[in-house]
Structure formats: structure tokens, C-alpha cells
Amino acid sequence: MLELLFDPSFAASVPRFVTPILLAALGGALCERAGVFNIALEGFLLMGAFAAVVGSYFSGSPWLGALAAMLGGVAMGLVFAEFNLRRGGDPIVVSIAINILAAGLTTYLLRAIFDAMGAFSDPAIAGFGPVSIPGLGWLPVLGPVFGGQSPLFYLALVAVPVASLFFARHRLGLRIRAAGENPAGLVAGGVSPRRVRLYALMGCGALCGLGGAQLSIANVNLFVENMSAGRGWIAVVAVLLTRGRPWPLLLIAFIFGTVDSLSFRVQGLGMPQQFTDMMPYLATLAVLITLSWWRRGRTANGGAP
Amino acid sequence: QEDRLFVYVSPDPIGVNAFLQMGREGIEAAGEKFGAEVRTYESRTAADRLENVNAAVNEGADIVVLLGFEFNDIVRQVAPTAPDIQFLIVDQCIEDRPENVHCAVFREYEASYLMGVAAGMLTESGKVGVVGALDIPFLHRYTDGYAQGVKSVAPDAAVDVRWVGGENPFSDPVRAKEQALAMHSAGSDLIFTATSGGDFGVFEAAQENDFLVFSVDINQCPQAPGHVVDVTLKRVDTAMLQAIEAILGGEHVMMSLGLKEGGMSAMALEKDALADSQCVVAEHPEVVEKMRSVAASIADGSLVLEDPMFAQ
Amino acid sequence: MRTLRESAVLREAVSWGVALAWIAGVLFLLMALVGAPFGEALSAFLQNAFGGRRLSYLMATLSRAALIAGMAVSVMLSFRAGLFNIGGEGQLVAGGLVAALAALFLPGPPLFVLGASILAAMVAGAGWALLAGLLQLHLGVPLLVGSLLLNYPIRYIASYLVAHPFRDVQSGMVQSHLVPQATWLPYFPGTRLDIGILFIAAASLFAIIYSHFTLHGYHARMNGLSPAFARTVGLPVGKLTLQTLAMSGAIAGLVGAVAVFGVHHRYIDGMLVQPLYAWTGIIAVLLVGMIPWAVPLSGLFFAAIQTGAAGMERSAGVPKEIALVMQAVIILFVASRVSGALVASSERRAGGGEGA
Amino acid sequence: MPMRVALCGITVRFGALTAVEDVSLAIEPGEVHAVVGENGAGKTTLMNVLFGLVAPQAGAIRLDGQDRRWTSPQDAIRHGLGMVHQHFMLQESMSVLENIVLCAEPAGRFGLVDFSAARSRLRRIAEQHGISLALDRPVARLSVGERQVVEVLKMLYRQAEVLILDEPTSVLTPQEKDRLFATLRSFRTAGKAIVLITHKLDEVMELADRVSVMRAGRLVWSGRLSQTSKEEIARGIVGGALPPARQRAVRTPGEPVLAVRDLEVAGRSGAVGPLSLRVHAGEIVGIAGVAGNGQGELIQAITGLAPALSGEIALCGRPVTHLDVERRRRLGMSYIPEDRQRMGLALGATVSENANAGRDDRRAFTRGPFLDRAAMARFASGLIERFRIRVGGPSALAATMSGGNKQKLVVGRELARNTPLVIAENPTWGVDIGAIDFIHGELMRMRDEGHAVLLVSTELDEVMALSDRILVMYAGAIAGEVAGTEADRETIGRMMTSRAHQALPEVA
């Protein structure tokens, strides 16, 4: 039975679940820390997935596809900034509108550019192949997890410490944190929080774009309308859970990815699909509760907070 | 200049759904043939469906074609209030139908059964898989039909039944691909996919890991040449044309379409098209032979299959 | 003073004009892109949002508006109390599911069954909301996260229940059996609009009165504006939280029941989730800055653009994706315009205080 | 390079309210320019104009004879202006160092902040001015006084030539104040211009070279300190005669109203306590001490805002240790919190809504479950009148009131409850002299009417002026008790700071 769960492809599949969520969540973290309540990650991700296919199809290079994806994400970030930061629209309303916009726009452009209804799959879409990391092959579990994945996975992994360093040490990172915590302090220091938030939104767009690229030119090589399929929302949940801190985000993304990947396999044991679909959310809830119990236990035992 | 209006209401966004696309082709053909203006109303949600049917009535359509059993309740509500309007509901017949409600149903499980037969004959690992978009009764016509077909030729073979699920089950090639990969690495060497937009992902998985798949609705073999064994064919367009003709002729239509009527089929049964279909089954004459003989016995009634949709 | 006010009104009017011009401009561009006739599309939009034979489209808009406004009112109660309850969807599903099952299994005269089922739905909605509240108060899971996460289990539980134990097998769908016909909410005479909207109107009225005129509503709002303040002046913060959540959840449950008894007459998998009633409710509340009396109107606005866009798609040859883009564009411009107006009016109110 | 700043004919309006009207003012290098005036006189607004935070409706800013227009504080900062704001502009989650460099980060490769360069520069500055503060502590754990030091350091770090300090001393201990003043003097010697906003005339007399007095948005007097006197300034501020000095009536304390025994509370740095104290009816017990020595935790435990780890609290003879805030207040407790912005008021609500929150006599402003808005407004108007709160009316938003008026609203609301016990935490923080006198008078009146008053203040003068008994807190414990009549600065100062300089962590 265990073999059925942890079949040979299990370990290798986890990163494919993790990468889009992690990238999008890191983007969301930028916004969260900057005090922009951006729950449009779903729309950003979708636009990124679409732009990746466009870029890759016309250039023949997955890297240019990824670049196009980042630009697509940034474009959505700019729309967000225009309507939230400049015109003062409520961020949640703007987010929902952007999710709708992305769904409509990608479908429309799919038809306009590729003359395709709902889906576009073509050998000319160059996808990311697996990157082999020498010396990892022989490792039992880590080998398949960390070897032979798409380059975007490694990028996402590297992005975690980079983001952590960025918030701790980079001038923009510092300002982003200030914009989220006490923007009046920035104003008093002569820095416009709005400008800082604009940068955060653009960074968020770029990262979500890469997440979308992982979906459409790494996990598969095609675009289907609405193919982000709720992953942006999972990223939103992860961001809210961790309040945008990069290392905990990595943990949550891995829990989510692992459980999700596992839930596919649990179906093979006969558990109804409705329950396997529930698993990642319940696992997250369980982790949350455990963490807060643990934290509470520590403070109650007189430890300094 | 056109004095007739046909309205086609889809239960879901048409998008990548080959079945719904075929419905649109059918209504357009009918419009052309009978000189009617044709409109397509796409629904996204249960509430949209009701609104769209009401709108069709409101616009004074002559024939409203509803694709899918999702419209049962709605037709029951609306049809009596609009006696001049003819409703054709495809995929299910409601009981005690009013005079202006017509129906055409497909017996998808018959064609799926044939896929199962082929899978059972071709499997080397003794294990085959089937993945559906979502665990809904309608898709059991595919999954259960397939499983029965497998068992009929390989009683010891195991059938792994799984679903895409998630937030967007009918349009998630990423999850569908993962599910196919997981099934393949759990031992299945032939996988039947009925996942709508997810099919593309399953095809990719098959090409990358070199296993064989079956698919549904239209000839999808060219999508992944050398990896698609066979597909079930569902002739919504011709069925719609026939039904509309009969309705216009004043009949109270109730059609059930399976292998016998030619409403359902498989590439293996298409004597003319098989050679150019790029389907793998063409390379296995003994499988084609068997499938044709099973199809014949289903058609002549010597083999009776239960509709899995009403199982449980 | 008078000229000041007049010029403010004028400024407001002008800026609305500019926003409308923007919307029109962007839409015109979109229409030109897909080659749809702009004027026809526009009239189709309005016609399909508010017109139709015997106003049937207006009825469709109202029917949708009822559910959206109901969810908006539910969310508003939470938000005004500073409770970021975005679990309305779960509470709605819990309500709808329990309403349908209760109506199927409760014995007794139809009116009693209807009443008891609605009550049960409200209790279920309240219970699901309370669960998120308890998670926050006792297990340290922030309400925002907890309420959001709780949407998923109930959605899948409901899906499982109507896919397996309580499925109407003959229908071939993932749905429960029809509730007894005698419990269906009647239509307004001569229309296809059920009287469910009256329930929602009552709930809205309750919420408006509650928010503006009751002690509890006042306390909840103080808690919403500053939890530290509320604690300091001795408001029972924990109790307020739970009571407000329960109220909010009960209204969401009521909306679920109205959808069952008024519209679908059974619980169909996804019928409360796919139309995004809960999310639309949230943005309807935020659009008008949580001003109670404006919330139902905002719900009507969103319903109108949804039915209008759907109608435009049906009759003017505008593809569905363009209809989607159009909705987004309208929401974006109107959202920023309304927020601007709210800020301006609150500034005026604050500034004008001295002179009054 | 020394710089002359002039404000010419500045006018600022907020809606119908004119906050600053036609004010002209010159700020000379090498001078300390004190700006005084009642709460709401427009001091902060005027300085916000100078600093680019508020755009004036009329008037100009002139630097060395050249007209300037600020589009944001960034312009002002670039031109050498620095401001310490009345309400701190700090990031609680960040360390002291991060706060100081924020917005003026010395960036190295890839825009990474060169913290070590900043650290060594700060160490030099701190040594130069005799300031000590641990740079790596998160600001959330600093006391208000320490936060003030961070704000000053921030300005020093930016090498501002014109320094604006908006009520910098209102939260400092005498020692901290002396140190700040020494720093300011060294600035003056270095030729910098300093604007000091304060409500304490002693400080003006001590440090200022030039004084400007504002009243109701207008500049009523401006000139050299030597040309005026303390009394004259005070008369200028209140616009009339000064209130007579207060006489303390002799009174024997009655029953204990508040009794605290062996109380322990979790604190920012380790547990506070065990503490025991009593407050009797008809007496004011003052708690003196450097901010951050456990006073906050003690008050939180007494009010019920934080749980007690152990020990007992009794109110009017009833144990209340396990009761919530609401029940304690009903039993007879009122509380004037130190933090009026967050705890004292809901800034987004109206004056009336703030005034009526936490009232026990709900019957008086409700009918069944419904509110009697008119009664609420009447009550708020009563407070506005009685406590001379300068605000548009009951329906104005609390956020638009000036700091002093906010404080008066909080004090008014709490005192109007007329409870046996009143807890006042820095009740005159940032309040003008007229209002200080008024609030002190009200607290004395409460005492004279037989209420028990527990006064916590970092302001030694205030504690000494009001208290019948003084408890001194140090390091989470009560370091000593002095009778009010026998109190002198020396004794108390020794108790609260004897080892305080050791407690302040060195510069990291």
C-alpha cells in the first residue's frame, strides 16, 4: 500500500506542485509586506501562464517565454497599481476585477493570437526541460525531489533566501516593510509609500509570471483557459498564513505540494475524490493549529516572546 | 429574412469541451439546413442556465436545444409556460415529458466499454487506468463502462479509477498530467482519459513516459501520434440534425443513441477512416476485430450493458 | 458655503463623467477589436439588465441581486465589526446544504418544514462562522485565514454528501432530491421572481437598523475601528466577535436557504460556489465602503452588470471573454470612482463639522 | 552651512477650519526657537508645512532668501530639514538601527544596505552627544522615552541643519531631558537652527533664544526670550489671566479602594513584580519612575487588559483578579490610558461615539436595544463644554482633533463616570498649560470628593504636585515610598535612577 502512495514518481512530482505556488506566494509576500492586500495572484498567474506560451511560441526559447511571462505579470501589477494606488480603489475589489480581467483577456488573446478556442497546444511551444544536477542522482528521496526539475524550481528555491535577505538587508526591502507597517514613517522620511508599493506590485507580477510559466511551459507545454485553476488562491492562503515571511512560505508551499501530490495517490486507495481534494486545506489548518499551540506553549512557559 | 430562431444553450463554457463544440456545430448545421437564425448561449453556473433558458424563451426561439442533464429541472419548470416553443434536451430524457419537450440520449458507456476491451487485450502489466475530470455520475458512463470492458476480456486485470478534481477540474491539464503520471508509475500501462481540457496534459504524459491512452468525443489520435490507441466518438452534431428535423416534422422525439444507431462509435469501428486516423489501434488488427465483434453483439442486443449513471 | 457645496457636487459630477467616459472609451475599443456594434451592444446590455418581455430580465437581475445583496449584508456585519470573515462561501454552502436536507427529511406540514429548514440553515451558517471564530479565539488561527480555509472542507463535504449518500440518482447529476413542492417559495404573481428577495430585504433592513441604531451594532463598530480601544473601555470583545460572526453566518445561511427554496429547489453541487455569490458580496460591500444603506444597492449594481453582460453576450454577438473583460473594466473604474467619492465626502463631513 | 529659514504668511485650512492663519516666522541659525501655544493652536500644522507634509493654502517657505515649494518631505529633507514628530513615526517590528537608516540607507552593492557603515557612523554621533542605546533592539520593546531617542538619532544621522522637534520632552525623564537639551545646545553651538515645540515653559526659559506664541491659528507674539517673561508668555498662550495656584486641602484617606497583593505580570523583559500597593478613598497615589520599569504592566494587570501571573487584586473590597475589563469597570474603575491614539479613542469614530463608549448607564442613551443618538450627542456636547474641548461638535471625527483635545476627551469621558477608582496614566501628555491645569484640577476634585486616584506619570513635577503618597518603581518592583508632603526631587530621583544608568544598554 505504501508503494502505491510513494511510487517512484511521487518525489519527483512534488516540486511541480510546489513551484508555481511558491513563486506566486513569494510575489504575494512582496505585496503583503508592502501593505498591499493583493489577492489577485490567480489573475497574475494566469496572465503569466499565457504570456509564457506566447513568448515561447514566437521565440522558440523557454527563457524568452519566462521573460514574457514576467512582463505579463508586471503588466497586471501595473493595472493593479493604477486602480488601487493611484485611483484609490479598494484592493479586494480591484483584485477580483483583475482576476476576471485575466480570465477574459487570456481567452480573448488566445483566439486573437492563435485562433484557438479554449486551449492551445503546439510543438512550437518550447518548454523547460529537466535540469540535471550532477551528484544528486544517488540520493534516495532528495535525489528525485531536487534533481531533474525545471530551472524555475531551482529559481524558486533560490528566491527564498534571496527574498529573506532582501527584506532584511535591501533598501527597497526595508522600505517595503515600512510601507506595510507604518507608511507614515516613510512619508516623514520623504519616501512615497505609493512608489514603494508600485515596485512591490511589479515584483509580485514578475514572480507570479514565472509561476505561470512553470505551469504552462514546464509542467505542461500548452495553454488552457483558466489553467491557473485556483493555485493563485492557494498562494494567497500561504501568504496570509505566513504574513509574507519567505522561509515559512517555503514550508507551507512544500506541505501543500506534498499533500496535494499525495492526495492524487490516495485516490488510488479508494478514498473519494471529494475528500482527497480537501486534504491540502485540512493539512494546512492542522499545521496552523499545531504551530499556534506550540508558540503558545512556549510563551506560557515564561520564555521571552 | 430568416423566420426561425434556434437557440443552443450550453451547460458550461464551451471552451475546450469537444462535446459542447460539436453541439454548436450541430446547431449551426441545422440552422443552415432549415433556414433558421442560430444563437449560442454559454452558461457558467446553475443560475446562468436558468437565465439563459428564460432568455431563449423570451427571445421567442422556435427550438431551444439544451445540451446536458443539467437542464432537467429547468425544462420541467419552463416548458409548460411556453407551449409554442420546442425544447430538445440532449443527454437525458425526463419522465412525463410535456408535448414540447424532446430528448436525445447517448449511451457513452457502450463505446467506453469498447475502449476497455482494447485496453484489456493490450495491457502487459495487468493494470490499466482511467481518469475522469470529476467524480460525477455522468463521467461514470466513461469510467465504469471502460472498467467493465476491461474485465470482460481480462478478468484479473486491475482498473485504477481516479479523478482530476481541484478547483477547475474540467480545465486543468497540469493536474490531469500529474494524475496520469501517478497512475502510470503505479503500474497502469493504458490510461483512458475523460478530462476535457485536461486531456492535453494526459497526452503529454503519455508522450514523455511512453505509454498508451484512450480518449473521447472526437478523433484525438493526431494530438499525440503513436500514443492514442483509440477514441470514443459521440455524434452530437448528426443526432441534433436528425432530432431537429423530426421535431420540425411534428414528431414527439425521443432518441437513444448508441453503437446500434451510430450515435456512438469508436475509431476502430470506422472502416473508412481508421487507416488515416493515426490511432494506434490500427496497428492491432486482432484488437480491431474483437472490438468490432463486441460492438456487433451490443448492437444486436445479445450483450446488454447497464447504464452506470444510474448505478449506486 | 452654498457655492462650496455646489462646486463639490459639480466636481463630483464631472469626475463621474470622466469615469464613465473612460469606461465607454475602453469598451468602445474592445468592441471595435472584436467587430461588435457598440451601440447595439450597449442597448443589449441595458435591455438585458433591466428590460425584457414583462421585465423578465429585470426579474433575473433582481433574483441574482437578492443572493448577492444577502451575502453582502452578511459580510458587512462582520467587516464593520473589524472581523475579516471571508468565509461567507462556506457559511452559504452550509446553509444551502442543511436547508435542502432538512426539507427532505423533516416531517410535518409544508409551512413548518419550510420555516424549520430555513432556521436550520441559519443555524448551520452561524455554526460554520462560529467555528472560524473559535479557531481564532482559542487556537490562534487568524480569522482571515481560518474563515478562508474553512470554505474548502464544507464545499467538498457538501459535494460528497450529494454525490453519494443523498444523491438524486435518477437525475444523473450531483444533486440532492427536489425538496417538496409545497415548500417552494412562490413567485410574485405574473413573474418568475420568487419571494426570496423579501427575506433578503428583511435581512438588509435588519442589518441597516442593527448597524445604525442598536447598541450592539455601535459596540461592534467600535471594535471594528479599534480593537484596543474596545478592550480598554471594557466592551466584551470576545463575545462581540462570536455574536457578530454568528449573525453574519446566519444571514449567509439564510441566503443559502433562499437559493434552495426560491431558485433551485434542491442542493446542486457547486450551485452556491460557482456563481461567486460570496465574493461578489464582499466586493459589493467594499465598493461602498461598508455604508449599510448602500450595500443592497451595490449588490444590485453587481447583479446588473452580470446579467447585462450575459445578455450582451447572448444578443449582440459579443464573445463571452469580451463580456468578462467588460465587467472587469466597469468594476475597476467604478470602484476607484466610488472610493474617491467616499474619501471626499468623509473629508467634507470632517471639515464641515466646525461650521455646522 | 548654517541656514536661515523663513515662513511667510502661511495659511492652512482643513475644510471650514482655519488651522493656521497668516503666520510669518523666522528661524535663525544658532538659535533655539520655541513655539508655544494651546492645544490645537496650529503649531504642528505650521511645522508640517515647513517640513512638506502639509501644503499651505497661502504663503511661502524661504530658505536663505529663496522661495521654495515642497512637493514632499523628501524635498525638505534634501534641503537639510529634520523633524521629530509629535506622534512617533517608527516601525515597531524593525530594530533601532533599521529605523534610523530607513529612507536614508547607505546602499552598497545591489542596493544592499551597508549596516556596518551606518553602525560606526551612529556610534560616533552617539558618543559625540553622549547618547546610549542598543542599536539591535526591536523598537517594539523600547519605552516611549527610548523611542524618542531613536527619533532624535534619526535626525542626527541625516545631518539636518534645521531641526524641528514637536513636543520632544513630554515623555522624557528629567535625566533624558537634560541629555537631550545638552545635545540641542551642542547643535546650537554648531550653528544649526532648532525649533522646539513644547508646553513646558520652564524648558522654554531654560533653552530658548527666541519664542513664538500661537493662539487659534494666529501668531500672537514673536521675539527674543530676553524681551519677555514666563508670565507674559503664559498669558499670551491662554489669552488672558493665569489661573491661581492650586491649594491642596488636607484630607484623611478613607477605606482602601484598590488593594494589590503580590501581583506578578509578564513583562517586556521578564516578569514584573511581585508588587503590593493600596489606594484609599480620597487620596492620590502617584507612581513615579522611568518609563519601562513595569508601570505599564502593573496598570494593565489592574485594569484587566493583561492577565496576572499570580497575586490578588481587590476593588472596593471585591476580588477582581479573574474578572474581565468590563466587570472591573462596572465595579468602579475608570482608566485614562497613556496611548490616546490607540487605546483611548477610536479615531475613525465620531466624538460622540467615543464619548459614549464604555458608559455604565446604558439606560440613559438607549431605548431597549436601540441607541438614542440625541441623548448620546447631548452627553458628548456636555463633555465638550465641561472640559472645553476644541472640536467642531459631537459629530466630528475624533481623528481631526489636536493631541491635547483628544486627551481632554479621554479624560472627560473617564472622569464623567464618577467611579470610586480612577487610574490615570500620563494624563497630561502633550497637553497645553491651560489643559494641564484643568486636568490636574479635575483629578484633585475627584480626590477631594473621596475618589481614589492612582496616577502614573513619568513627569516628576506632576507626580509631586498631585500625590498624597508617591511610590517609585524601578526594574519591575517598588523601590520606595515617599509621602507627598515630604517629597523632593533629590530623593525620588535617586530612587528612580540610582542604578538607571547601568540599566541603559550601551551602544552596540
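Descriptive notes on the structure:
By written order: A, B, C and D. Residues from 1 in each chain.
Rule of thumb we're sticking to: a contact is a pair of C-beta atoms (placed from the backbone, for glycine too) under 8 Å apart; a residue touches a chain by one contact, two chains touch by 3 or more.
Here's who's who by UniProt: A, C = ABC transporter permease; D = ABC transporter ATP-binding protein.
These numbers come from a predicted model, not from an experiment.
Any chain bridging chain A and chain C, meaning touching each of them, is among B, D; the list is complete.
Centre-to-centre, using mean CA coordinates, chain C is 45 Å away from chain D. Mean C-alpha position of chain B lies 75 Å from that of chain D. Taking each chain's centre as the average of its CA atoms, chain B and chain C sit 36 Å apart. Of all residues in chain D, none touches 2 or more other chains.
Residue positions 13, 135 of chain B each touch two or more of the other chains. Contact with two or more other chains is made by residues 163-164, 320 of chain C. Per the contact rule defined earlier, chains pair up in contact as A-B, A-C, A-D, B-C, C-D.
On the side of chain C, the complex with chain D involves touching residues 1, 213-216, 218-219, 221-222, 225-226, 228-236, 346-356. Residue ranges on chain B touching chain C, taken from their complex, read 13, 39, 41-42, 44-48, 50-52, 54-55, 58-59, 69-70, 72-73, 92, 135-138, 309-312. Residues 4, 7-10, 13, 16-17, 107, 117-119, 121, 215, 219-222, 224-227, 229-231, 233, 261, 264-265, 267-268, 272-274, 276-277 of chain A touch chain B in their complex.
Interface of chain C with chain B (complex): residues 48, 52-53, 56-57, 60, 63-64, 163-164, 167, 169-174, 178, 192, 263-266, 268-271, 274-275, 307, 310-311, 313-315, 320. Chain contact summary for the complex, chain D toward chain A: residues 51-53, 72-78, 83, 85, 89-94, 98-99, 101-105, 107, 110-113, 115, 266, 269-271.
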